[in-house]
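Step one of this worksheet: look at the structure below.
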Amino acid sequence: MPPAPPTRVLLISCPDRQGIVAAVSLCVLEAGGNIVRSDQHSTDLLGGVFFMRLEFLYLEPEQGDADFTSRFAPVAAHYEMDWRLVRSDQPKRMALFVSRLDHCLIDLLWRWRSGELAVKIPLIISNHPDLEAVAAGYGLPFYLFAIDRDNQAGQEERMLALLEGQADFLVLARYMRILGPRFVERYCGQIINIHHSFLPAFIGASPYERAYERGVKVIGATAHYVTAALDEGPIIEQDVTRVNHRDQVADLKLKGRDLERIVLARAVKWHIEDRVLIYGNRTVVFT
Amino acid sequence: MPPAPPTRVLLISCPDRQGIVAAVSLCVLEAGGNIVRSDQHSTDLLGGVFFMRLEFLYLEPEQGDADFTSRFAPVAAHYEMDWRLVRSDQPKRMALFVSRLDHCLIDLLWRWRSGELAVKIPLIISNHPDLEAVAAGYGLPFYLFAIDRDNQAGQEERMLALLEGQADFLVLARYMRILGPRFVERYCGQIINIHHSFLPAFIGASPYERAYERGVKVIGATAHYVTAALDEGPIIEQDVTRVNHRDQVADLKLKGRDLERIVLARAVKWHIEDRVLIYGNRTVVFT
Amino acid sequence: MPPAPPTRVLLISCPDRQGIVAAVSLCVLEAGGNIVRSDQHSTDLLGGVFFMRLEFLYLEPEQGDADFTSRFAPVAAHYEMDWRLVRSDQPKRMALFVSRLDHCLIDLLWRWRSGELAVKIPLIISNHPDLEAVAAGYGLPFYLFAIDRDNQAGQEERMLALLEGQADFLVLARYMRILGPRFVERYCGQIINIHHSFLPAFIGASPYERAYERGVKVIGATAHYVTAALDEGPIIEQDVTRVNHRDQVADLKLKGRDLERIVLARAVKWHIEDRVLIYGNRTVVFT
Amino acid sequence: MPPAPPTRVLLISCPDRQGIVAAVSLCVLEAGGNIVRSDQHSTDLLGGVFFMRLEFLYLEPEQGDADFTSRFAPVAAHYEMDWRLVRSDQPKRMALFVSRLDHCLIDLLWRWRSGELAVKIPLIISNHPDLEAVAAGYGLPFYLFAIDRDNQAGQEERMLALLEGQADFLVLARYMRILGPRFVERYCGQIINIHHSFLPAFIGASPYERAYERGVKVIGATAHYVTAALDEGPIIEQDVTRVNHRDQVADLKLKGRDLERIVLARAVKWHIEDRVLIYGNRTVVFT
């Protein structure tokens, strides 16, 4: 079948007031657009914050974003909106960060090549050389930044310089270093991490070991945006799997691998498709 | 906290065309309404069927449905809409049908009394006397219609006469008789059944016995609208649970009870809240 | 069909050594028993702790436990076993503790009356009068022990005196008071609590409120044995359900109710059937 | 840590009688073995079929299987056992069959290389050239047997000749041809297939299309042994995932890929570890 025509995604957040949906949908109509999907959420019945994700396409190909934007800008100003307009045919650029474990990396690359993740991957960054061959197998540039206690700040500056102009968002695919504050500042709401526990349980290091010690009957994984506070950023997605008394730490890690890659893949996909809006330390996810 | 003000739910289906959302939301705005939740779905990107569920409230209490309806009727006609407007403060009337198994009945009654199901229950109908005491415990009228091979048509006529004017929809909470065509005709899209398998597997009688024979590793339950074709109506909700080689038929039934009551409760709740739209033999469920 | 003949459950824990299974199964054989189910677990391949649950029945009704015990006692001494022998036809006595929320209580009582839980219920204890009618509906004695800051120790003494000789184990079915140390001492490994979060996340008060604040995408429930450290006892069972940005705290509580009752019911059933062995702060659960 | 010493897995099925466990465990003890895991199952409390999986290791390395076998053979004869003894350090040889879809293949190869699947892979067979590069990337021989209506029998003879002496079992990792009867005869109970539905729903072709048509709310995948009756062999494992009205057939396929690879991987792992016993058209799976 022919490819679906490219759509636009309009993302809005603003104080909830009467008439927003009418005003927005009128702009789309007048600019020749047809809404193909719309999701909205208010944090409260009255007086809350309003979030909207509107996907539309222009019925006449010659119609364009300039026309829409000129109509929409005054509406957005009137309702005090934060907003952005995204084209589905302009894929985001995703930089991958890895260390030694390959399961999340391989899973993301496989989904990318199979067309499931509509994204560009300009480069892979690692603090270990182990996964260079995987990158090579996919024809992707691999940059090694060995990090020790003394050189982290300098190495991170070099990473940031390398990334500048090349990446829209970063995915920490089991990257086992805590990124410094300069990263969080530069890529606010644009760094996705996978943590190998159902947060807020087992924040920090060695969650599987601690899950084993505690004797839990489910283990989990959490994909979240990175903020300055370790493992406390807005959660995008979580899932769990059952374990029992037979499972040693090594078994938890095996079972956890399957969880981690699926939870991370979902979060990355939703981020790419602009389905995730951050609100304080929480997320609205229009799946 | 004070009760939430009553809302309106507007349900629409029509051929998908440009401008529907703008036209509908303008009507709501002009009638003094504020949209608190909106969900929509198109069966195709272009040229499909459009479904919408719009929940709104009037900001001024004196405003009313007459005003809205007079504005909306021409819009609805223009877009060839099937539509209805429902008030959240006018609970539907639910008639329960049971036989001998009590788990679905008790679960629904408990949810109803706890306020989870905003519904009226005018009566309980059964073909067996077993559950009369349960009905009495909740102060609900219980009508026994013993049915054998010869009297089914006549008994069903009497049931229909009893129900007339008393019930908006019927829930078959493990009612172990197949309702005749007169019922399906009278309550089209208004009879919810719980089938104890993950349909379309194990259509018909004795699904747990047949699941055991087949050696499945999951069992399921399915809530669906009743149509003339047995167990083939539009599915509202399904869920499953794991089983293993240790589970005899009796164990499947025990595990299945927990599934059935939860799947049925979800379907009933969504129906009550007008979240389910039927489309051919499928459902759109705005959860 | 006729009822299954009563079985014996033999529970063993001891240092893992060669020959245990042979020695134990020989005792069963010589005492005229036939093993109908056997589960075992070693914490390590070599040098760990060995756990066994052996279910058997005597092929000749006149055979008895005295014979078995006289054969088994020297074996048990030789292998330094902790052990006990339980008859499936001597149901345990379960005392229920409740406060105001009824969902766990009603669920346990329904399972009990339907025959799913082979247990005696001598009494229900509460610190609030709210659920007295539920107890009465099942013909069960209900004892009210109103508790405030000043009288807790005294009230708990009176509860303990009332329970003495009447209860084998206690189930806290959303009992919203922390039991004092005298209880934990007297009923060590015999008090089951349901906590409304996936522990160790949200230990302590108001877990649903805190889950909402944290923006988690799954909520959970945990059944565990009560120890002196709040919410830190051995976990018997956990499960979770998905939530999203639409779920307010009230929605989490509704969804959580279904989780809590199912997780608690499983834990109680496994305890009744002697499937749970405590090992340090962890459990071995032979499901 | 050092590798675990190699264990033996003893698999038994026989008519259930008194004394089996004692007799078997005595043989293990006298041959110098220590039981590290034992699972058993009877199809009925009395008079059923007894299944056992016993994992043990010799405490003295010089002890061996000949000694055990000479002790065990008369016991096995006495109890009319079907049995086999498997060494954990002699990996099975797994031949993979694929067509064009790569997700199951890539997943199995990744698990194999990461050490999760203790197996040898002598070769990959396909009826399409598409996945040759994947095989090459793992250094595995790839054999193309193009099949059309006229040459299937001949091609299958050639495949069988190629496999002879090279493979212990076959995995159909989305191999989209029905294997002929000669295969089923030669590899009885040794061919694992992944079917992309929760069998017995949607037996045969195009299950995702039919699931979409039926409007199900869950889709599933089933790993089973291949028998002469299409999609009706003993089920090893099943799992499901939720779908909704937004999911088109293409979405079901995407979601299904994740299910298929995980369900197949579990089944393959359990088969490799001799955890699956076939009983009529059902399986006992000692996980």
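Each chain carries a letter (A, B, C and D) given by its place in the written order, and its residues are counted from 1.
The criterion applied here is as follows: a residue touches a chain if its C-beta (ideal position, glycine included) is under 8 Å from a C-beta of that chain, and two chains touch if they have at least 3 such contacts.
Owing to the predicted nature of the structure, the values given are computational and were not obtained by experimental measurement.
Compared on C-beta pairs in contact, A-D and A-B come out with A-B as the pair having more.
Here the CA centre of chain A is 42 Å from the CA centre of chain C. With centres defined as mean CA coordinates, chain B is found 36 Å away from chain A.
Not a single residue in chain D touches at least two other chains.
A complete topology is adopted by the chain contact network, contact being made between every pair of chains. Those residues of chain D that touch chain A in the complex are listed here as 102-103, 106, 110, 114, 116, 137, 254, 258, 262. For chain D in complex with chain B, the residues that touch the partner chain are 41, 198-202, 214-218, 220, 234-240, 244-246, 279, 281-285, 287.
By the touch criterion stated above, chain A contacts chain B in their complex at residues 4-5, 18-22, 25-26, 28-29, 33-42, 45-46, 57, 59.
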